[in-house]
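First, the structure itself, so that you have it in front of you.
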Amino acid sequence: MFSNGDEIFKISRLTIVWLAGIFTIVWMVCWGLGIALPMLLTSQLGDKAALTNEILRAATPVIAILVFIPINAMFMVLIERRALALWTVRKGPNRVGPDGNFQTAADAVKLLLKEDITPTGADAVMHTFAPILFFAPSVFGAVPLLAAVTNNHPLFHVLNLPTGIFFVLAAGALPVVALVMAGWASNNKYSLVGGLRSAAQAISYEIPLVLSLITVCLMAGTLDLVKITEQQAGGILNWNLLGGGALTGLNNALAGGGAKALATSYFMGPISYVCAGLLVISLIISFWLYLTGACAEINRIPFDLPEAESELVSGYNTEYSGMKFAIFFLAEFTNLFVVSSITTVMFLGGGDNPIPPYILNNIPGIPQMVAAIRDSYFCSTLHIINPETFFATLWVIAKVYGLVIFAVLIRGTLPRFRIDQLMAFGWKRLIPLSLIVFIIVVFAREFVICHG
Amino acid sequence: MATEIQEIDLKTDEMIINMGPQHPATHGVLRLLLTLDGETVKHTEPVLGHLHRGQEWQGQNRTWFQYQALIDRVDYLSGMFTSWAMARACEEIDGTVVPPRAEYLRVMVSEMNRITSHLLWLGTYLIDLGAMFGFPFYPFREREKLFDLFEEIAGQRMMFNYIRIGGVVRDPKPEWLDKLKRFLDEFPDRIDEYETIVTQNPIFLKRTKDVGILTQAVAKDYGVTGPCIRSSGIPLDLRRTKPYSVYPELKFDVITFDKEGDTWDRYMARILEMRQSIEIIRQCIDKLPSGDIMGKKQMAGMRIKAGEGFSAVESPRGILGCYVISGGGEKALRFRWRNPSFCNLAILPELLKGCPLSDIMAIFGSIDVILPDVDR
Amino acid sequence: MANLISRAFGGLNEVRRGLATVFKHTFREPITKNYPDEMPDLAPHFRGRLALTVNPETGDHLCISCKQCERVCPDKCIEITSHKSPETNKLELIDFKIDHGLCMFCGLCTEVCPTLCIINTNDFEMADYSRESLIYDLKKLTLSQDESAFYFDRKEMPLPKPKPAKPAPAAAAGAAAKPADAKPADAKPADAKPADADAKTVEVKKPEIKDDAKPEVKTEEAKADAKPEPKAETKPEAKTDEPKADEPKA
Amino acid sequence: MTDEKPSEAEKPEEKKAEAAKPEAAKPADAAKPADAAKPAAPAAAAPKPAAKAPEPVIPATAGKFEQFLKEHGIPSERLPLSLTIETIAVSGDVLQSALRLLRNSSEVQLDLLLTVSGVESNDTFDSVYHLWSYSNLDELVIKVLVKKSDVPEGDLPAVPSIANFWSAANWHERETYDLMGIRYANHPYMRRILNPWDWEGYPLRRDYKQLVDSLNDKNPHSMR
Amino acid sequence: MSQGNMSTSAKPNTNPVVPEEIRDSVSISSIDFMIDALGQMLSPVLSPVANLARSNSVWPMTFGTSCCAIEMISVGMSAFDISRFGSEVFRATPRQADMIITAGTITRKMAPALITLYEQMPEPKYVIAMGACTITGGMFNDSYSVVQGVDRIIPVDVFLPGCPPRPEGILDALLKLQQKIRTENYADRRKKLYAQTSVRKVDYDTGRPLEDLIGVVQEDTNAALSSGQEAIGDVAKGISPKAEEAKTVATKPVAPKVEVAKPEVTSPEAKKVENTKDEAAEKADDKSV
């Protein structure tokens, strides 16, 4: 079975090194700007530093994201290349740096130093702005997620919008404009076709995507990402993936509530149980719908028609070179990351541990470990580690990159749709299905006390 | 008040897209001038010749011995077949008798070559359909194993120069046959693996089912041969219908489908052909007689009797014919290749009519065209 | 409707099977060959770079300037310069040029060579920075005694009989190689450095091949004359007989 | 080889003019082998015995297809070229009707047109049709011979096109036009197919002279 | 020479350093001049970094015409795995590629496309001539329709003989190219863009070079080699003798069709198709009369 242990070991080592590097750097930036510097300023200046501290607190998440996105995209490109190499029985990039760790860094530097071409006949302004406009929303979009994925860390309170998910979706819908711009401004027919394809595709798949998320919001009763995450705390049965809280009663029963808890949650008896079952199925379908729609939204295989390499050469970015292309490249992977984060927050319980606390706390050693971390010097004095956030972040990282890897696996397996089939699939299958699911959820949730 | 409702068509314009000569899906250097209405193809004009290297001209300006070494390049994915076609044509003119061992070896290596050709087709076809990062690597993996065998017996991976006029050039060692057997044992599992990933994949089915249907009438009109026409229900397989070499002694059936073939049938025909080739090679190994491998000594200054001959073999792409006119000298008077790709490609405009842009790749890929075979 | 649902589930199941099959490859060992680190083990008949052998035992150059290879070459990539030595009245090799940029590695020259002098080695690392450096002259083409022995053994060619009357062109070759060598160097000062670098790498590579072959070579050489080795029972020396047959004709 | 030797000496412009006129180039070509001694001589000499050599075996009886065509009133002539495949020559006028008949009649069903090739022999341009069948084992080679003496000066030999009713012939005829310079009358799209569209000359003709320009240097011994 | 001066004086805004022939694919602003000057200054620092990055991520273009292309695909596949060197990112569009492996015979009909592709690639760009056909024409070296070596039409960095070369040979060539890249000077490489004149145009319709440039190009490259130092100053001043030489060499670029053609270019091309068709028909008619 493990005749490939060597390569698996190498790729895991690479992943751990990179993830540790990324998150250490990002957290150091956050901590330095948001905690250490204000602490220092307050101790030195007293009240005079209040305004500076406010500004710093506001700027911290943005700077953190700006630091995070490029490094993360580099890592994701690398992990995609390595993972695909693993699945195609080869070795993958392994020359630059140990294990090929810096392969994508080399790519990035090369792209930065490459000649930047604006083709004749191209609309130079549009041509330049398209990648920027493509990239910017992924930054905005990622911002409200920060609070949710860090288990509402105080540093990111400032970003906690009450309509978080809508903001994220709105930001996610923006890149289409950029793609059409890029396609149009390139003065190339393939680009144009690619851009138009992406517009058609994004608009079609936006609907099931949003409907599936609305289903979740309906179950949660809120649009606030942090609240949605918090509701799902307490083990896998509470996650929106499994019924959006419909199984909370079962969870409570297992946690020690017994039959009484069941009776409270499922107050209508058998009807409630049936409805709970329906909710579970519906939400699983919603989850699948979201993944499908998101795949289409970010132009991943099997929905990568806008840049279908064997048809449209390179689609909307055919005429892009050098740094502009690098930005497209970067934004594509950032989008993948953002989409995975949304999935994690909305369906997979954010930073929640899949093992419920009533089991986890009974495992010897775990509570002690948490306590030890909480009481440590880093935690209590320097505020480097916040135990709630720390473990939540670990889980978020695992879930998000798990989804990323899954997307890579899909990329390695499936061929791509044809454009008319893609549209038919979107309009004739996904949208009716998402509406059906939505209606089922609307009625079924009346018979079950969710998240309760 | 009944006003006449006028139907006003949305004003659309035809767009001319120029695909190729350098395009990832044209397998080299075909250029297609497409007239598109939206994404629907109205008209296709293939522009060939971007790889026209003058192979026939070369045939008339090289000695027989020299030209033999060149002709693997006519259809580089199935060099054995081009060599074989030429060798057969010359043997026909010359009346050379090829020893049975050589014939069996020829069948063996040719069928191996058929497998490599189909494997490459499988990989590139999936690339055309968009699965470009995972699956295509698997067929190439098996292809490498066959290439190692080729390299051992013929000296090079692609340009074999193995089948010569009068026989074959090198006798394989027993270890080589053992290796081949080992490969044959594991290969069916690999094909199963491919089929697991591809054959019933819903997206693949959507892309290929009922796409590019080749009717028998059109196929016959254009002189289509090979897996394309067999999947359309015409059992034309030279190995069976006009058996040459030792094929009469081997057991296998012509693979045909009952209905008119679409892209998926063409895919399936090639998968089945690979399985069939495995069986043929197995039989060859079992029946391989001992004896000489060269009927007539190959010499640098060899001459072929005056006369003309046409011979055809069933290459992975169809009937590969070689029409030779010899003047009795060191060089041929006229070499003429009947290339399956050239003839099969001619149906492309017919098949593409009214297809969406994306189907161009699905259809073009499924015809399995090799550009040097088209352009020579 | 039921049909639709079953089809949807069927489709999803197929996708799952595909994904699982791809994922299964996680646990398969990569088949990648570690090329720059370890040289590939090529078949003995691989048609790589052309080279001229010397007699592995005596070190005599084997070429007799019969120009058969030059004549048979479809690409006309071989150029042999020779002259009739006044003393022995035999052809004497002055220079031997092969343009590897022109060569198509068909191996016809090796088939017609009566003395098994020109052979295809297993070397394929010929990439170079200039067009001119691909034209190999006699000095660059001629293999050392050890390498010749290695290839004679590897390709199962019969060792040449030591001919006393041989014009021994090794010395002449050395002398003749000089002007030919100087020419490309003069013409391309800019490329001199890369060319040198290349030459170096070639030389570095060579010993690697030799190292693993050495022991065999010695054992084979010991019983060199008893050529029909245990290995050769299925291979009735078809290849080696052939050029011999051609020789008188030329 | 014969063509190369003179072409080295000539300027491309002159050659261009000559290539268009096969007849004009002929005497010059014929004179050449005398001085271009070594490789040219065998090549040039080779064709002559080929055409002259009388084939030993000529079947006494008319072939199956010759008979069949005769029954339908189409004259044909058996050629003694190939021993295994029946080869007949028909005149250009009846080519279309002959092929139509052979293709559609239920008796013979020669419905697979393998190839249309152009051949230049000593005194004729041949358009050769290889006919097979999808349903039986019959084979037939039909040749249309156009005498070089019949071709007007500066013109191409003309053969009626069959591409209008047999699509398989379309590209083959274009190719033959491109490489051999046989013009197929009434072809729907008689243009060069392999070479560039404004290419000069017909490469497979014996009197073809190659371009000499900066993209090649036509010296087989130059190692550049 | 005079032509070059004229055009520079007529269009003062146009950067005179860019040769006419590549102007449609390159636009240079004053920022580029600043970067150029900066590049000169920073070159000692920047070169090692840039070269390291460039040499380790040479993205090839999927350009393959014949047999060698199959080996080029093979080298990307599992057994040889060019990805170990960071080069598995085969880009279909020349705009994003760093290297073009001319895998397979380049015929006269294909040559214009290759030239266009080469010109569409952004600097720094490298060429590996793979296989005998592209180095010298190989076995087709006496054929009427083959370009006898791509170095006649585009500058080549590494020659890789073989027919086709083993995939390991491609890796070997790639490694040698990487070595070459590592020894480059950043500023020089930037400058070479403007000295880049060794592209020879080929007419798509006749398959002949537009101008027979053997002599001129030779002089030009010699001048480029010898006058490396003076050129730096000239670039800063905005006048390059090489650019003027280039003008004499440069011919009006035909737009041979490749897939990345711009829309306006395509439709005239299509018209051209029609025209040539008519012409051919006319020609044929003339002959028949």
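The chains carry the letters A, B, C, D and E, assigned in the order they are written, with residues numbered from 1 in each.
By definition in this document, contacts are C-beta pairs under 8 Å (C-beta built on N, C-alpha and C of every residue); 3 or more make two chains touch, one makes a residue touch a chain.
Since the model is a prediction, treat every value here as computed from it, not as a measurement.
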{"item": "Any chain in contact with chain A as well as chain B", "value": "C, E"}
{"item": "Target chain D, source chain A, minimum contact steps", "value": "2"}
{"item": "Selected pair, greater C-beta contact count between A-E and C-E", "value": "A-E"}
{"item": "Reference chain D; chain at largest CA-centroid distance", "value": "A"}
{"item": "Computed distance of Cα centres, chain E from chain D, in Å", "value": "40"}
{"item": "Distance between the centres, which are taken as Cα means, of chain C and chain B, whole angstrom", "value": "31"}
{"item": "Contacts with 2+ other chains: residues of chain E", "value": "77-79, 81, 84, 92, 109, 136-137, 139, 141-142, 144-146, 149, 163, 166, 259, 261, 266"}
{"item": "Multi-chain contact residues (two or more partners), chain D", "value": "192, 194-196, 203, 220, 224"}
{"item": "Numbers and ranges of chain C residues touching at least 2 other chains", "value": "15, 18, 21-22, 30-32, 74, 76, 99, 102, 104-106, 131"}
{"item": "Chain E - residues contacting chain D, complex", "value": "108-109, 111, 136-137, 141-142, 144-149, 152-153, 200, 202-209, 212-214, 276-277, 279-281, 284, 287-288"}
{"item": "List of chain E residues in touch with chain A within their complex", "value": "24-27, 46, 49-50, 52-54, 56-57, 77-79, 81, 83-86, 88-89, 91-93, 95-96, 98, 120, 122-124, 186, 193, 259-264, 266"}
{"item": "In the complex with chain E, residue positions of chain B that touch it", "value": "16-24, 28-29, 31, 33, 45, 49-54, 57-58, 61, 69-70, 73, 76-77, 120, 123-124, 136-137, 140-141, 143-144, 157-159, 371-372"}
{"item": "Residues on chain C engaged by chain E in the complex (per definition of touch)", "value": "30-33, 35-36, 40, 48, 74-76, 99-106, 124-131, 134, 190, 194, 197-198"}
{"item": "Complex contacts: residues of chain D adjacent to chain E", "value": "4, 154-156, 158, 183, 190-192, 194-200, 203, 208, 210-211, 213-218, 220, 224"}
